[in-house]
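Next come two complexes, and both contain chain A; in the first it sits with chain B, in the second with chain C.
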Partner chain A sequence: MNINKVEEGIFKVLMKTSTLLVLVSLFLIIYSILQKGLPSLSWAMITQTPKGGFFLGKGGGILNAIVGSLYLAGGSTILGLFISLPVALYLNVYRTKTSQFADFTRLCLDVLWGIPSIVYGAFGFAIMLLIGLKASLLAGIITLTLMVIPIMVRAMDEVIMTVPKGLIDASYSLGATKIETSIKVVSKQVLPGILTAVLISFGRSIGDAASVLFTSGFTDRIPTSLMQPAANLPLAIFFQLSTPIPEVQDRAYASALVLTVIILLISILSRIATKKFTKHKSLV
Partner chain B sequence: MKGLTYFSIALLFLILIGLIYKSVPILKETSFGNLFFSTEWQPLKMKFGLLPFIISTLYVTIVAVVISVPLCLLTAIYLSEYADKRVIAFVNPLIDILAGIPSVIFGIWGIIEVVPLVRDYIAPAFGTTSSGYTILTGGIVLSIMIFPIIIHVLLEVFETIPEDLKNASLSVGATKWQTVKLVILRKAAPGVISAIVLGLSRAFGETLAVLMVVGNVIMIPISPLDPGYPITALIANNYGEMMSIPLYDSALMLASLILFVIVLVFNFISRRILKNIERKIA
Partner chain C sequence: MKKETEILVPLMTEVCDEGNICVEGLNVYYGDRQALKDINITLPAKKITAIIGPSGCGKTTLLKCFNRLIDSIDGTKVTGKVMLNGEDIFDPHADVIKIRKKMGLLSQRPYPLPMSIYDNVAYGPRIHGIRKKSELNQIVEYYLREASLWDEVMDRLNTPASGLSIGQQQRLCLARGLAVKPEIILGDEPTSALDPISSAHIEKKFVEFKNKYTIVMVTHILRQAIRIADYIIFMYLGEIIEHGPAHQVLDNPKDKRTSDYIKGIIS
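== the complex of A and B ==
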């Protein structure tokens, strides 16, 4: 029997097993969250803020964390978009694709993407002290914005790169300025791509805890101003799980289920957006 | 537009400067040896030995990479060379979903499934007892967290291998597996290393998931079944009290600086390698 064939056969089995293992790990995670979270999930949990003694097993829910997370993620995504879109356009429309400056910027952004969120948290905390800001919704949003800028710029950049040069040239030849071309032609062309970038960074910032640990504070109330502290889901899960009381731990599992569902929804939405984008590209 | 672009580059240097600025007080007060080669962590006595934390971080990361890399390599080779389109169309979105799962969810999963696994099966199998909150537990959870980034980069690297090269190998009589082993993997070696380094730096900086399962005991872990206390967990666990003890905040900022610099160097090198591979193809 041919030894090469045997070796290939063995490795084929190993490769399939590995792929299966990678997928199974995802299903295991989702399954165990569902199994542990579903029984303790209740309507009250997602519609009420914590009542007195919540962390001792008394009534209430995690509405404060849900709303806080949406504020934090929404705020940082909107702020991030206003900073990232111009950068992504500048890299592509103002600077040609082969420019060294653009390459260096992309390298810096890729490196920033890899920086751990706890480092952003520590840096955000240092800035907070510097400008005399207390742990608040605003400080959390600023820190998360710094974290999502590289993600957004690179995601949009990848999409803008695919805009045909002919389209941009055609816009110029009709007398449009670079600004007009950026906003009216390029941005419009890559709108679904921008949506994907927005969803990716929303998902990233809603699930991140390490960066807001120092900066956003934690409270049982829903914040009514930017200067108030804000709770968020990952930290709510973490704090509830840290208590020794089983009922509170059960609620941590239910909260984890809420967060997982939000993340999965975002995943599906961004997939739909990407599909739509691919359709547009084939038309050009 | 120009200003914002410069701002985004400057951010990298601002973080570096900010963290250095905050770390200066402790570097002035304490000797290098007492910081990096001491195991004494007693903030009240102004002793900030970071060694147990550094070792724990390295240990967890290495365990994660050792588990993750073979699985990722096999998966990526399968997806890029063997699997048919339907399989790829099924698997890719799932890997993307895995990439989006928040750290805290991995942590919770670690507590639900991996901790009991280590406590009830793995530790007894090696003849010891363990709480289940160990370096190994952290490594297992982390290894799954870094699947997506390693597989994603590997797939991109394999895509850059020219089709002609594979065909040439096949046409001289090599089997598909020989082509993979002797041509593709050899040609892709720098890219494979970059992928591993990127995964490694992701594991290095992971906070909540590790913090939840690794035990957080200040000691130098010897066996993978010992608990540990990684740098990220140190920073996250002590933010509350750090302002009340002198130099404490500076010590934690120094810990962040260490993380930042290591991840920065790792990322910079591997991104440069990947960029060069891309350029060669284009």
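== the complex of A and C ==
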């Protein structure tokens, strides 16, 4: 048998094993959430806010955490997008490929990406103290935005880098300015990449507990203004899991199920959106 | 050598008249490497000038100087002048947008913008301020007809440009370039990615257009230059070796390097 074939065979097996490992662990997680969470999942749970003694096994639901999480993640993703897209475009369209400033910015963003979210939480808390902001939806959104910006910028940056120079030159040669080229050509060409960046950020911010622990507070009510505290799902899961009462712990899994379904829905939606928006992408 | 060529080709205009592109002492450096060495030449208006020469001789660099796309390449330094209608393209105060608007570019391979066929042609006019739908419709139809693409796409103007064949895409790029009403068409090996039939389409268009536009094309294909060029510039290692009317350069080259290139000894 030929040595190349053996090599090919070994690597094929390795790759298949790794893929299988990923899929199996994913399905195991989903299975355990479903198994423990599905029985406790009820209509009341996703349509009601907690009643008194909810964490001791009394009635009510986690609507406060669902809405709070959507507000926090939605707000930070939108705010993050408005800050990140200009940065990514600036690094690529306005700075040259060999720009040291761009390289330095990328390094900083990579470092920021690696900082644990609890540090963002502590930083957000320090800022709040400084400007006299109480634990609120706004403070949570700002902290989460800081956390997702490096993720968003770098994800967009990587796709914008793949835009062929010829496409940008084509726009310039028609007399377009850099800003027109950035908005009308580059952003359009990388729209699927932008959507992916948005999705990753949304997933990251809806699933993060540590950065909102000090900043957004926790409440049984649904916030009606940016200045009110807001609950979120990861913390709701944590509080329910930390009680000694088994049925409350099961509700934690039901909450995890809700969180997973939200992420699944967002993924499906973004895939549909990507398909819809990629039809014009220049295939170069 | 430079002096000699000037004496040898009196037929190519030396006068910087309206519409001519007059290059005076142009040097381009990529970092430490000098890509263009003291280029002095006048490209005549309303003619097809072909720039020929082996790979890496600076043909494309020269072309990119005309519409200042050279600006977007890292670490380049340009000295000298390129005059067009009495204005220096490299004047620090020159309006790059206005310069680029005067020149349509056809690149080696078509780069349709990520939008529909209609929007590709309307892109230029739109960024230059035309908003009226009826006016845009007219422009789009007119220039797609100019590029002989209208009949093939008239019933699918709102479909993505990327769905066209590569030959159609190149004609779309031609229509898109013409829609900003340029005076000059720059072609950077515009047929090198195309099949023979599509190439012939583009060549036919160039010949048709030469009474309306000044056409400068870089080409790798000597036969293409023979077929359509009025004037030929032969470049070698960043220098212009020989230039003049096409038949003169091709049939009766004065420099050994030119004749070697034409005979295929160097390529």
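Keep in mind that, in the parts below, the second predicted complex is superposed on the first by the 241 of 284 C-alpha atoms of A that agree within 3 Å, B and C clash if a C-alpha of one lies under 4 Å from a C-alpha of the other, contacts with A are read in each partner's own complex, and residues count from 1 in each chain.
Methods note: a contact is a pair of C-beta atoms (placed from the backbone, for glycine too) under 8 Å apart; a residue touches a chain by one contact, two chains touch by 3 or more.
Only a predicted model underlies this, so the values are computations on that prediction, with no experimental measurement involved.
Novice: After the superposition on A, what does A:174 contact: first (chain B), second (chain C), both or neither?
Specialist: A:174 sits against chain C, while chain B stays out of touch.
Novice: Looking at the overlay, what does A:161 touch: chain B (first), chain C (second), both, or neither?
Specialist: In the superposed model, A:161 contacts neither chain B nor chain C.
Novice: Who touches more of chain A, chain B or chain C?
Specialist: Here the partner covering more residues of chain A is B.
Novice: Applying the touch criterion given at the start, work out whether A:185 contacts chain B, chain C, both or neither, answering first, second, both or neither.
Specialist: In the superposed model, A:185 contacts chain C only, not chain B.
Novice: For A:110, decide between first (touching chain B), second (touching chain C), both and neither.
Specialist: Touch partner of A:110: chain B, not chain C.
Novice: Looking at the overlay, what does A:44 touch: chain B (first), chain C (second), both, or neither?
Specialist: In the superposition, A:44 contacts neither chain B nor chain C.
Novice: Touch check for A:241: first (chain B), second (chain C), both, or neither?
Specialist: first
Novice: Which partner does A:32 contact after superposing on A: first (chain B), second (chain C), both, neither?
Specialist: After superposing on A, A:32 lies in contact with chain B but is clear of chain C.
Novice: Name, in rising order, each residue of chain A that touches chain B in their complex.
Specialist: 4-5, 7-8, 11-12, 14-19, 21-23, 25-26, 28-29, 32-33, 36, 83, 86-87, 89-91, 94, 103-105, 107-112, 114-123, 125-127, 146, 149-150, 153, 200, 203-204, 206-210, 213-214, 234, 237-238, 241, 252-253, 256, 259-260, 263-264, 266-267, 271
Novice: Using the touch rule from the top, collect the residues of chain C that touch chain A in their complex.
Specialist: Residues of chain C touching chain A: 67, 69, 72, 74-75, 97-98, 100-101, 103-105, 107-109, 111-116, 123-124, 127-128, 160-162, 173, 176-177, 180, 186.
Novice: Okay, in this complex, where on chain A does chain C touch?
Specialist: Chain A reaches chain C through residues 96-98, 164-177, 180, 184-185, 188-189, 279-284.
Novice: Please name which positions on chain B make contact with chain A in the complex.
Specialist: Touch list, chain B to chain A: 1-2, 4-5, 7-9, 11-12, 14-15, 18-19, 21-22, 70-72, 74-75, 77-79, 82-83, 91, 93-98, 100-109, 111-113, 144, 147, 151, 175-178, 198, 201-202, 204-208, 212, 232, 235-236, 239, 252-253, 256, 259-260, 263-264, 266-268, 271-272, 275.
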